[in-house]
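Below is a structure I'd like to ask you about.
Chain naming follows the written order as A, B, C, D and E, and within any one chain the residues start at number 1.
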Amino acid sequence: MHCSLDLDSVHRKGSAEVLRVEDLRVEFCLPDEDILVLAGIDLAAMAGQIVGIVGESGSGKTVTALSIARLLAPPGRIASGRVLFLGQDLLGLDAAQMRSIRGSQISMIFQNPRASLNPVFSVGKMLKEVLKVHSGLQGRAATIRAKELLADVGLPDPDSVLKRYAHQLSGGMAQRAMIALALSSSPALLLADEPTTALDVTIQHQIIQLLLRLRQEHNLTQIVITHNFGVIAELCDRVAVMYAGSILEEAPVAKIFDSPGHPYTRGLLAARARVGRHTEIENIPGQVPELKNRPDGCPFHPRCAHARDICRVKVPRLEQTAPGHHIACHRWQELA
Amino acid sequence: MSVFIARRLLLLIPVLLGVTVVTFTLTRVIPGNPIDLMVSPLASQETRDRIAENAGLNDPIWVQYLRYIEGVSRGDFGDSFVTNQPVLDDLKSRFMPTFELTLFAMLTAIALSVPLGIAAAVWRGTWIDHISRVLAVFGVAMPVFWVSLVAIYVFFFLLHWLPAPQGRIGIIIPPPDRISGLYTIDSLLTGNWKALKSSVQSIILPASVLAFAAMAPLARITRASMIEALESDYTRAARSLGLSESSIVFRHALRNAILPVITMIAIVYGYLLGGVVLVENVFAWPGLGRYVYNAIASSDYPALQGFILYSTTVYVLLFLFVDILYVLLDPRVRL
Amino acid sequence: MIGPQEQIVPGLTALARWCRRNPVTAFGFFIILGLGVLGLLAPLIAPYDPYALNPREKMQPPSWDHLFGTGIFGEDIFSRVLYGIRIDFGIGLGAVAFGLIAGSSVGVIAGYYGGRIDEVLMRLMDIVAAFPGFILAMAIAGVLGPSIPNLIIAIAFVNVPVYARLSRSRFLVIRESLYALAARGVGASDFRILTWHLLPNSLAPIFVQSTLQCGWAILDAAGLSFIGLGVHLPTPEWGVMIGLGAPRIIAGQWWISFFPGLAIAITVMGFNLIGDGLQDLLDPRRW
Amino acid sequence: MHNIMLLSRRIFLIATLAAGLVFGNTFAAHAQSDENTLIIAVSRDLQNIDPTLTSGNINTWEFLTNVYSWLIDYEVVTMDDGTMVGDPNSFVGGLAESFEWTEDGTTVTFTMRDGLKFSNGDPLTAESVKFTFDRLFDQQGVTVGNMALAEVPDKHHIELIDSKTIAIHLDRANSLLFGNMAQAGNSILNPNVVGPHMTDDDPSAHEWLKSDTRGTEQGPYRLESRDPGNQYVLVRNENYFGEPAHIERIVFQVIPDPSSRLAQLVSGAVDIAMELPTVDIPALEANPDITVHRNTSRTISYIGMNNEVAPFDNKLVRQAISYAVPYDTIVNDVMNGYAIQLKSPIPKGTPGHTDEFFVYSQNLEKAKELLDQAGLPDGFSTVFEIPIGSQEAKETAVFVQEALRGIGIDVQIQELPGAAYFEKIQKHELVFFYTNFWISINNEPYYHVYWKFHHSCCNYANYANQTVDDLIKEHTISTDMAARDAALQEIQRILLDEAPWVLLYQPEHILAMRSNVKGYVFFSADNLTRYQHLYKE
Amino acid sequence: MSPLLEVSGLYKHYPIRSGLLRYRNLVAADNVSLTLQAGETLALVGESGSGKSTVGRCILRLEEPTAGSVLLDGKDISELSEPEVRALRPQMQMVYQEPLESLNPRHKVGNLVAEPLLLHRIVGKAEIPARVSELFHMVGLGKEHIDRYAHTLSGGQQQRVGIARALATRPKLLILDEPTSALDVSVEAQILNLLQDLQQQMQLAYLFISHDLAVVSMLADRVAVMYLGQIVESGPTASVLASHYHPYTQALVLATPINHPRQRKQRIVLEGEPISPIEPPQTCRLVPRCPYAQSICSEQPANLVEVTPHRATRCIRFANEHQAGRWTP
């Protein structure tokens, strides 16, 4: 396997589709070997949609988000695929062009909000820098706008928050501040990588409410990455279920919960502990595979009760099984 | 802020007291009787006793210590047995030469190593990274006194570019009028070109040798902390906000990475105080390093005590200064 | 992202593989091993008795008879540099061993017991560390008089706070570690936790530090010997040899000091390369 | 990232430019100093400069010699080859215009010159002399010991007759007094300057005198300034009673490293360099720009063996070592030929010296034999102590070590810091040691043998022999020259047989100066240069 | 029957330096009392900083409680000396939140599991290997895992090792400190099932520390909700989850993510963040965030009051209104 950037010709398409990811393949180039971590991801988000990517650790959710924003650091490398943002292939842009899109049209928030804020800059200083870069706002205008943004994300007393540093903010406040930064130039797309994982339940709930409100008020398209089906259920319109670098199932959120098509999705949903349930939970046997040891064929086959020979050798394609519902399983029809 | 400094200064007192105890004890056990330096071999025992009595050398050791502390608190470090001058005056007169030498060495080292460290971090794994690594490895491996000798051989003996070790300035060249006490600066300020040329020629080798030794740890720490900053979550977040790479490197990352570099500068400066002993000896530099060497070689207790107390104070104050800088630069450090 | 490298001292095979990936560090091992072998075999390799004086041939430049030339007594520099390996390695390792044992004992005691013991011990260490190291070593060497054991003591003493602080901070971290707590939870005694759980985990960084210290100890030893506070004449110690040749530099007789200095530089470089490489294992961000 | 690249390029440019500035103008030889100034490279700074209580390193002693004067002084005589030297055995008036001994040799009366002045213009009279000696005896410093040796035990033996006349009374006639007086220890002090510094705590004004001389000088030069650790400057004393010094100003530049002193001399940056490595002297002698003055001095260099400590308490061991030392190598390779072998404890040049009893040359077989006889066939191990920083000591020690290894004696060389060395040597605690600092300034044999072999003071080897003691006490101080010489012969015979020292060498006193510096006069009494004689061409 | 574990009036304060010489107390556990019967599961629920883990560690004397008594089988272990506690350790064990960090990286996991056997001489030296592999089997690990190092195992396997080690001494009481919060969903289920099975097999009593009400509802018989060092509500799990007497419990339950997108809940939102745990007031600590707060809430000390059988709450308003018979949850 080799690492090289596939700089295919850029196709522009007019559509209400904000983001379309096509066959995104990402490798980690390690000294000894190259490891395929994303084995061809396809994903789409329409304007105002919140698309969830759910998966266990090591499934490649974060790499997907970082690749979309072209923030993937070495040894990660995008091997091939296209990331169409408003019809424009981001993978074909040079660094400067990408920079002008990042933060202004595509923003990202992260799992550990306090570490995402530069410890030596106050919230106000960060906001003003971003406002200057993307909106050309300076001085009083920037201060006013910064306060608006902070108020918008529900931070009480924006004046004092402007002067605060990361260590003076709680996790929830830091995440709100980070969201304010991400929203400072009204982006079309927000990538949220486990935005609530590090937070307490009550605070987590506040952030979910904020993200929902942003969609409502700004029609903000969001890709939300999480391992928590509760967050998916509360937040998302569509869900993609990832496992070992592949999307195994992709559907509107209700579909996933009502009639999951892929054995993995079913297993995951069944494995959740639920309030009010005392019986033993069904679980998926085995472990999530390591990146290095991605199984051949269907990545889930070693843990799948329904695996057949074909699953061991052939990688299933993500195929449409119902309108808007995609499943990557050789046996979805039999199992339906 | 002033409360913070006051508190830190208060905390220095026990350390410095401990230091005086150690220096006092240490220098009392150095072999060599100071009386022998004061009197001739022919002096009678009575003479020796009387001089010892006058110098207070016959009192109980703790009385001598208390007297010493009492003196120190008045700025009286006693008189050097060798120069017969008050130690404080000796230290003052030798401070500027050493300060000039270490200042230039440090500035050179910082000016070269910090950009190098940044470049190595930014272009990690490239040739510039390798070059800085080689430099860092060699820089700390070579004994400063040996590098000094090699430098003298090359630049004086082989190339005749620079003079033989002659101290701070050519012997027949009158030093510039004193403004700052630094020959190079003073000769520049007074437009004394002859003195400027000679003092620059004199300082260039010792300062470069020291700078060479100081560069390695600085480049190393700069690189390491820059890499840490560049790989941090907040750098990734700054990238996600579309900030320019130069802003990310020089504002976001460097502001964070500079803190350990500052600490390292202080540590390296302390290290230079040691290295300067050797370098000053090789280059006949009339500074503190040579002074303390002579003090040890001739059991000059007061001089040794004074010097160690002085250098420890400098050292400790340096770190106080670093702490204050931290407060100014890092909002996480509370006052 | 790839997870952080495992913080373990690798087994021999892992080390070998790792060396292949880190040729620079392997080079460091090669230097030190090579010098070690040369030092051991010095009696076989050295063409002359390192103590033999030959005033008729003093201060000869390098030639086939005397690869590195001769010194002010007509002694063969090459032979002396070879024998110097034994002495300087001995001093370096000795100083590190003493400093390590003393310093990490202090650090472990302070770190494990904490409280007043910690406070007192670490304030003492602060006081020692408040002295500029080399100057303190000079003073101690001056007090004790020149000899190899005294030199080792002087250098080791100065470095005690380094080890003490390192092992203490390491200990504070691992003392708070969940596995130490878990060990208490299953009923392990303090002693067992200390020896079976904590010690193996605190060794790696201290070991790495010792490798680096080894190089510095050799440098300090050479510096002290250079100004006459180190070992006896005419012991073939590199610093002493540089000192003997130093006055001849201005007269252009460079080889007397040059080769011993080169030997120091190479040795220290070797130790540093190893130390850096090992540090890489612990913290991949550093060189 | 472009910014970094640009930045580093810019830094590189600046660095290149700066380098060009410094190196571009290739370093040229120094300009010479002007003819009224003399620049002298010395190895160390002045120490305690109280003339009566100085530790007496060479520089300090020489400094005192040039800023102070004494009642009497050595006579300068012209040799057959036209050179002028100070005769250590012939005295003329100094501050005293004349002096007169009584018949019995117990009183000497000095008549002061007219119009003597201190450097600050104060008159110098016999009262000043009385003041000086009163202080000297009150202080009980170094000089007192010398005066006592010459039978002048206290200040009452100094009699002020009138303001031009002063007398010294001796308890017993002897020939030592003048030799002891022509030294800086007898420097006459200015009561007006020194008096105010005398306090109850410090009745001898030592605190002031130990670091200053200004106003109390009367020698050819006076102290202008001191930059401790770096330089001290002398300037001509216009109130000097004798012929004014030629050179107006002398800068003593402290350059500890001998090879640096050499380099500065060769480059012309200094006019005179002291204490140069002998190995470089041949090149200097060949250099037309440099004049090297070589004079055999009476300085003695020897290895002391503590006669009270085993195994050195055994004469055979001492003899064995004396047979083992490589004398030729030391003279030819350590001293590079700039020394003569010392063949008697009394150096050549001192009256009574003879080399007739000297038998020792390197003979390892004989040495081994003696060691066997001493009951030490397997040799022994010992520590050889030398002062730190002395190249001669270092090299001698290494050759001695190697030679002794040849007869089974394992020697460890211990370099002692100056002070430790001096403390131990003063306390007679050194066992096997090198020393090369002794010169008997008073060229009376009594002075020499009394200090070195009588039981007191400087008998560092703890040599004790009643016969020798008696010979010293009874005969050497007498005025009967024949008896004195006979006793000295006997002493030397005994000493060479008993071998308390390994006799090494008498070094040449070497002073190298630029060729345009003329007028050098060697004083073999103390090897110190009187700069008033020097001038530049 | 006397309870297996009875904790009463447990306090844990951490001194925090504030100012040059002044220390203030960070209150991690504030008058915590609880009981646990043999074979029962009590869940201690709360968010980070609520002090639930501290309580667990204080019970096991892994930390020294500031005050209070801990009775295990009627014996007060808070009074015992360190060796005496050590002798009692076989009876009470703990499973930790971070399985990797709780396993010494330098020892094979088999040896870590063998350690308690060795220390307490549970079985003879010769039988240790057999017992270890039995324990491994019991927690669903194979023999091949015995000689591995912790970092070479997956998170679930690591936690299984942790459980095996805790079970080695056949304890009566197991304190489970968020045993699954670091694990993936599918693995979490495996571990939870394992814990349930083991409890049944070995009649273990669990003190189950968690922030996840869903998990708690599955495992626990009773639940105690903690907020800022205090228990604010306790009672049988089903009862507490069904009708919350304390607004905090209510917020916690309602903030728990829903199971299905259609299951939109009526929520109360706790505004803002918890107050500082450094010397907090003795009045209700939820006041600044509580939508129901009244003036009385910040005037009167809030005490844990048993309002209905087995149910206690620290909400003053609820207690008052309940007494007046006016409360509808």
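Note that in this section contacts are C-beta pairs under 8 Å (C-beta built on N, C-alpha and C of every residue); 3 or more make two chains touch, one makes a residue touch a chain.
Here the structure is a predicted model, which means the values were calculated and not measured.
Colleague: By label order, what chains touch chain D and chain E together?
Modeller: C
Colleague: How many links in the shortest chain of touching chains run from chain B to chain D?
Modeller: 1
Colleague: Taking CA centroids for every chain, report which one is farthest away from chain A.
Modeller: D
Colleague: Could you let me know which interface, A-E or B-C, is made of more C-beta pairs in contact?
Modeller: Here the pair linked by more C-beta pairs in contact is B-C.
Colleague: At what distance in angstrom does the C-alpha mean of chain B lie from that of chain A?
Modeller: So the centroids are 53 Å from each other.
Colleague: Give, as an integer number of Å, the spacing between the C-alpha centres of chain E and chain C.
Modeller: That pair's centroid distance is 49 Å.
Colleague: What whole-number Å value describes the gap between the mean CA coordinates of chain A and chain D?
Modeller: 89
Colleague: What is the distance, in whole Å, between the centres of chain C and chain D, each centre taken as the mean of its C-alpha atoms?
Modeller: So the centre of chain C lies 44 Å away from the centre of chain D.
Colleague: Can you pull out the residues of chain E that are in contact with at least two other chains?
Modeller: none
Colleague: Two or more other chains in contact with one residue: find those residues in chain C.
Modeller: Within chain C, the residues that touch at least two other chains are 142, 145, 228, 246, 249-251.
Colleague: Give the residues of chain A that touch two or more other chains, as numbers and ranges in rising order.
Modeller: Each of 73 in chain A touches at least two other chains.
Colleague: So in the complex, which bits of chain D are touching chain B?
Modeller: The contact residues of chain D facing chain B are 1, 3-4, 7-8, 11, 22-23, 25-27, 30-31, 33, 37, 39, 41, 45-49, 53-56, 140-142, 144-146, 201-202, 210-211, 227-230, 251, 253-257, 260, 263-264, 267, 269-270, 388-389, 416-424, 426, 451, 457-458.
Colleague: Using the touch rule from the top, collect the residues of chain B that touch chain C in their complex.
Modeller: Touching chain C from chain B are residues 14-16, 18-19, 22, 26-27, 29-31, 133, 136-138, 140-147, 149-150, 152-153, 156-158, 164-165, 220, 223-224, 227-228, 231, 270-271, 273-275, 277-278, 281-282, 292-293, 296-297, 304, 307-308, 311-312, 315-316.
Colleague: What part of chain E is in contact with chain C in the complex they form?
Modeller: Chain E reaches chain C through residues 57, 60, 62, 82-83, 86-87, 89-90, 93-94, 96, 98, 101-107, 115-116, 119-120, 149, 151, 162, 165-166, 168-169.
Colleague: Provide the residue numbers of chain C that touch chain E in the complex, in ascending order.
Modeller: These residues of chain C touch chain E: 6-8, 177-179, 181-190, 192, 196-197, 200-201.
Colleague: Can you check the complex and tell me which residues of chain A touch chain B?
Modeller: Spelled out, the residues of chain A in touch with chain B are 69, 71, 73, 95, 99-104, 107-108, 110, 112, 115-122, 129-130, 133-134, 165-168, 178, 181-182, 184, 191.
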